[in-house]
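Presented below are the structures under discussion, each in the form of structure tokens.
Next come two complexes built around chain A: one with chain B, the other with chain C.
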Partner chain A sequence: MSGRLAARLWTVLAALAGSALLLFLAAPLAQLVASGGAAGLRGLFDDAELRASLLLTAGTATAATLLGVVAGTPVAYLLARRPFRGRALVAALLDLPLLLPHPVAGIALLLVLARDTPAGGALLALGLRVVGTPAGIVAAMLFVSAPLYVSGAREAFARVDPRYEGVARTLGDAPWRALRRVTLPLAARGLGAAAIVMWARAVSEFGAIVVLAYNPKVASVLSYDRFTTYGLREALPVAAVLVLLALVPLALLRAAREEA
Partner chain B sequence: MSSLHRRIHLTRGPSYILAVLLAAVACGGRVGDREGARDDELDVFTAGSLARPVRAALDSFAPGTGVTPRQETAGSVELARRITELHRIPDLLAVADAELIPELLLPAHAAWYAVFAHDRLVLAYRPGSAVAARLAREPWYVVASAPEVEVGRSDPDLDPAGYRALLVMQLAERHYARPGLAERLRARAPRRNVRPKSADLVALVQAGELDLAWLYASVARANGLAVVALPPAIDLGSPADSAGYAMASVRIAGRTRGDTIVVRGRPIRFALTVPLDAPHPERGAALAAFLLSPHGLALLAREGLEVSDVPMVVGTGVPSAVTAAVAGAAGHGAAGHGAAESRTARPGAAEDTP
Partner chain C sequence: MIAVEGLSARAGAFRLADVTFAVPQGGYGVVLGPAGAGKTTLLEAIAGLATHVGGTVRLAGRDVSREPPEARGVGLVYQHAYLFPHLGVAENVAYGAADADAAREAMARFGVDALAGRRVGTLSGGERQLVALARAAARRPRVLLLDEPFGALDPRRRARVRHEVRALHREWGLTTLHVTHDFAEAGLLGDVLVVLEAGRVLQAGAPEAVFRRPASPSVAAFLGAENVYAGVARAEVASGGLPPADDAERVLVFEGEGLTLRAVTDREPGPCHAVVRAEEVVLARAPHASSARNALRGVVREVHQAGALARVMVDVAGTPVVAALTAGSAAELALREGDAVWASCKAHAVHLC
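The block that comes next holds the complex of A and B.
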């Protein structure tokens, strides 16, 4: 009897704690959308700076994600499939950017990519200026979000049974062909989900971007700038629109996971 | 547990989620309320160019008084807007343009202010850099308008150094009688080289991203950067040249988006105030009195500021502690010893005239 009572009590407490957390997560966002959502959606039509900033954000995040996918997929495959010397080191290196405060990431990138540095100078000679340009935004986004893609892609590869690839090999497929025809299709949904996570993380980045490129302003910088320059009234619509737009990758992610 | 989970999931899911969302909306109250204050806090808003000297003075002030200073740094225009638009009120506000206080804060948010330091605008660069060698051979305005040179400036809508850089460009065009010079100088400092406050440019000069940056002399000095000293007729550092400065003007963002105000050239003067509605006005006044005392001014001067010998106080309702500190500085100045050794005031620019 008392055991059942205790069990009920724990159930109620667990439900209360969970609800409190959900409330804590939902309340600020719901309030933000309730206060600024309508004005924000209007802003999509009559605020050219906001529109340009959203397009810039989407474009740079997409570019960063494409770079991350192209360069990160082989690394993720290696980490998932091939034991090699220094694997632990590579894995740790890939986790490190996730632990850095983002302004620190920006400062580190500045030291490597400034005009005066070998890498920055070489890029400039090729006509690619990094600091204060969309290229700088892509660099900052790539730095902070590529590790998320690699770890997601690594898990996606690890979930595919290596025996399928082995069977394809015994049936005469070359390694690259087996990878392309067997493992990649089987891991595709996981890779897609990882890419969406990376894209969403890139869109939400602020700290590293603002060090490298205050102008042109991505959406996160614009919302902060509006807040500090003009106050809440001007910042709310921008912030609310960002919350609403965050629902798009969220929906995509759910779709990718449901099908997986 | 799993049956509970399933029941919530299957039958109560929608209504449960609806309840959480309703509660979430109900939770959000009116926005913009002031945050509650703890007992030993002292909120200080400082202009980027004053952050370092005020920080040094705070390190010396706080231990004796048992308060915990919390310093926030931004461009001075931005700080004023935090007060007027966000209703975030500090206990002490120190800005890089004294005129901002009468223009943006009097009478609703402040009743008085004290001018305690002055400065001039310079072009700062890294000693030993390529541009340093060029500056030794060519006039600064040729170097600073050359296409391969990157010049940084701060955002005129947020930071006085930003609009002052634009004013100096106009004054230089007139002074050197070179039509189009202001536009060429501005073109070398495009948007990608613009940062929210001038102090942000220091790191970019040090990292080599920028060759030159429009900074206050005190900021350049405190950070070990070399400077191009401009003629007093254009550097906004000489009260005697006020009439000439006033011939330059720029338009910056006003209170709301799309709105603008005109700023004219005027000598660079730093000022502080304790805002009306400060959460801890006595603490703010005590810190103001400390900063304006001979000892406080000497601490600020040690960090590179060109402090006034006697601060100039304008307005009404000045706290008695502040009046007493300034009177002490006046006596001290007349006696002519003590804190003066680290002062670097230039002749003719030392006194602020109302």
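The block that comes next holds the complex of A and C.
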């Protein structure tokens, strides 16, 4: 077989394999939206439970993302810029939640935040009950999705040459001011993309939430609840709306990349 | 002034070790060194941007070794400019400017006022460099640190900007330290020359002295000396017509690599290297009459014409001796490969190190 013919054959095989994977990924989602999309969109108007669930999902995911951004940005900056003893350990710890089965993450959180634990008791004394409340949902979302933000933010900071900040320092900026005026604006696009990924991951979380706070029901739990209680037909609209909701951050990410 | 004493600093895996030199108040220092010598790290250590390990940095008489970069009063211009890409040209220059007038004046001085409304991404390499110089000058620093700032400029603009930097340095009495690869630039601009290699200072002093009297064969080779020979120097029994040396100097006879050269030097006899710059070697068809000169008989092996200069390689007993002549002198001698020739140089032109 000539080299040229072999190259063509490999190209065709690669195209076939790629197309099969794309079909495998897209077909169920397309079928889901086609079957339940219209009912789901209608449900936004006439299904109060679905509406409340979506609002709860978006609200708790946003709260978790804000907490992740506030707490994760300094960690990401340190990991990207400052060599320190134990940096590899910190990075590994931050990645660990990504590798855990999500119900395991929920169980781990329950062990720390349940009301009969020291931390849970202390939070309860402050008037914050975690298990079975939106706070628990936020905690579960934060646990499973913050590592994605830290990882993305770390890459965003690493892409900004530290010499920009150095020049700003020689031009009179204290470290915080140089970070605010130079590094953060230069990393902003990457930080925004990391926050969107975190939000999307938080919205889609199920396993950890279902252990920590089955009620009130976020959209993923509602979809599961309707499936187990009423069957596939009742679960379809919720599931379809969740797919459509996932398209929002996807579109935002795409727009950000194209602008870049 | 910039006074660096025993400075050790770290930048990533690179380490600057025990660096000592001084540029007087209002002086112009030039740092030369091969790629990877630590030139940029040296500037960053003076600016406070590299991790300080030991030693002291004094700027304008004040020990700033433990001070943060923003308190040191330095202006730093990198080879790649590092203009803030999210800001326009005018915003870059105004970023750390002492005041609005200082920013305007700096833009006018470096001819970038016409670029004020432009985005950084639309500038050419040369324009970026000019804006970076204006940005550093607008802060009115006490010390200016330049990391190959003319690298991206075309020859005409380079001459103009070099003139502006020199004028800025003169008018403001601005102590300047300038990293360059360009020997001509080092000679043209510098009051003090620092030769750096592998994070250490090989030699520091007046450029003329460093070029003429390199401290080691590696400095000599790096500074472009083509005639460097290893051998031994011994005391001369009779000085035989050489000009009298002063108290500190003596005449030594160097022998090595098949050459015998008399040198006026202040060093002791012993193993050493002899360095003769190609410009100090004179060629003639007949031996030079003066016994004050070293005269070596050889054969022309190569004549290389480069603009107004000609480099002639003469084989002296199997050892190459390079002479740099003006094109006129070379034409007058009408040298061709294989011609017998006398290469001579003064004993004062033979430097032992």
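We take it that the second predicted complex is superposed on the first by the 259 of 260 C-alpha atoms of A that agree within 3 Å, B and C clash if a C-alpha of one lies under 4 Å from a C-alpha of the other, contacts with A are read in each partner's own complex, and residues count from 1 in each chain.
The rule is simple: a residue touches a chain if its C-beta (ideal position, glycine included) is under 8 Å from a C-beta of that chain, and two chains touch if they have at least 3 such contacts.
The structure presented is a predicted model; accordingly, all values stated were derived computationally and were not measured.
Colleague: What does the overlay on chain A give for chain B and chain C, a clash or a fit?
Modeller: Pair status: fit.
Colleague: Just to be sure I read the superposition right, which of the two partners does A:Asp116 touch: chain B = first, chain C = second, or both, or neither?
Modeller: In the superposition, A:Asp116 touches chain B alone.
Colleague: Name the contact category of A:Leu98: first (chain B only), second (chain C only), both, or neither.
Modeller: Touch status of A:Leu98: no partner.
Colleague: May I ask for the angle at the C-alpha centre of chain A between those of chain B and chain C, rounded to a multiple of 10 degrees?
Modeller: Reported to the nearest 10, the angle reads 150 degrees.
Colleague: Look at A:Ala17 in the shared chain and tell me whether it touches chain B only, chain C only, both, or neither; answer first, second, both or neither.
Modeller: Neither partner.
Colleague: Once the shared chain is lined up, is A:Pro216 touching chain B (first), chain C (second), both, or neither of them?
Modeller: first
Colleague: Contacts for A:Tyr164 in the overlay, against chain B (first) and chain C (second): which applies, first, second, both or neither?
Modeller: Touch status of A:Tyr164: second partner only.
Colleague: Does chain A have more residues touched by chain B or by chain C?
Modeller: B
Colleague: Should A:Ala174 be classified as contacting the first partner (chain B), the second (chain C), both, or neither?
Modeller: second
Colleague: Please work out whether A:Val182 is in contact with chain B alone, chain C alone, both, or neither, and reply first, second, both or neither.
Modeller: It touches chain C, and chain B stays clear.
Colleague: Rounded to whole Å, what minimum CA distance do you find between chain B and chain C in the overlaid structures?
Modeller: Value for chain B versus chain C, nearest C-alpha atoms: 27 Å.
Colleague: What does chain C use to touch chain A in their complex?
Modeller: It is residues 44, 47-49, 68-70, 72, 74-76, 78, 80, 82, 84-86, 95-96, 135-136, 139, 141 of chain C that touch chain A.
Colleague: Spell out the part of chain A that touches chain B in their complex, as residue ranges.
Modeller: Chain A residues touching chain B: 11, 15, 19, 22-23, 26-31, 34-35, 107, 110-111, 114-117, 120, 129, 131-133, 213-216, 225-234, 236.
Colleague: Which chain A residues qualify as touching chain C in the complex?
Modeller: 161, 163-164, 166-175, 181-182, 185-186
Colleague: Within the complex, which stretch of chain B touches chain A?
Modeller: Those in contact with chain A are residues 1, 4, 20-21, 23-25, 27-28, 31-32, 74, 78, 81-82, 85-86, 150, 157-158, 191-196, 200, 203-204, 207-209, 253, 256-257.
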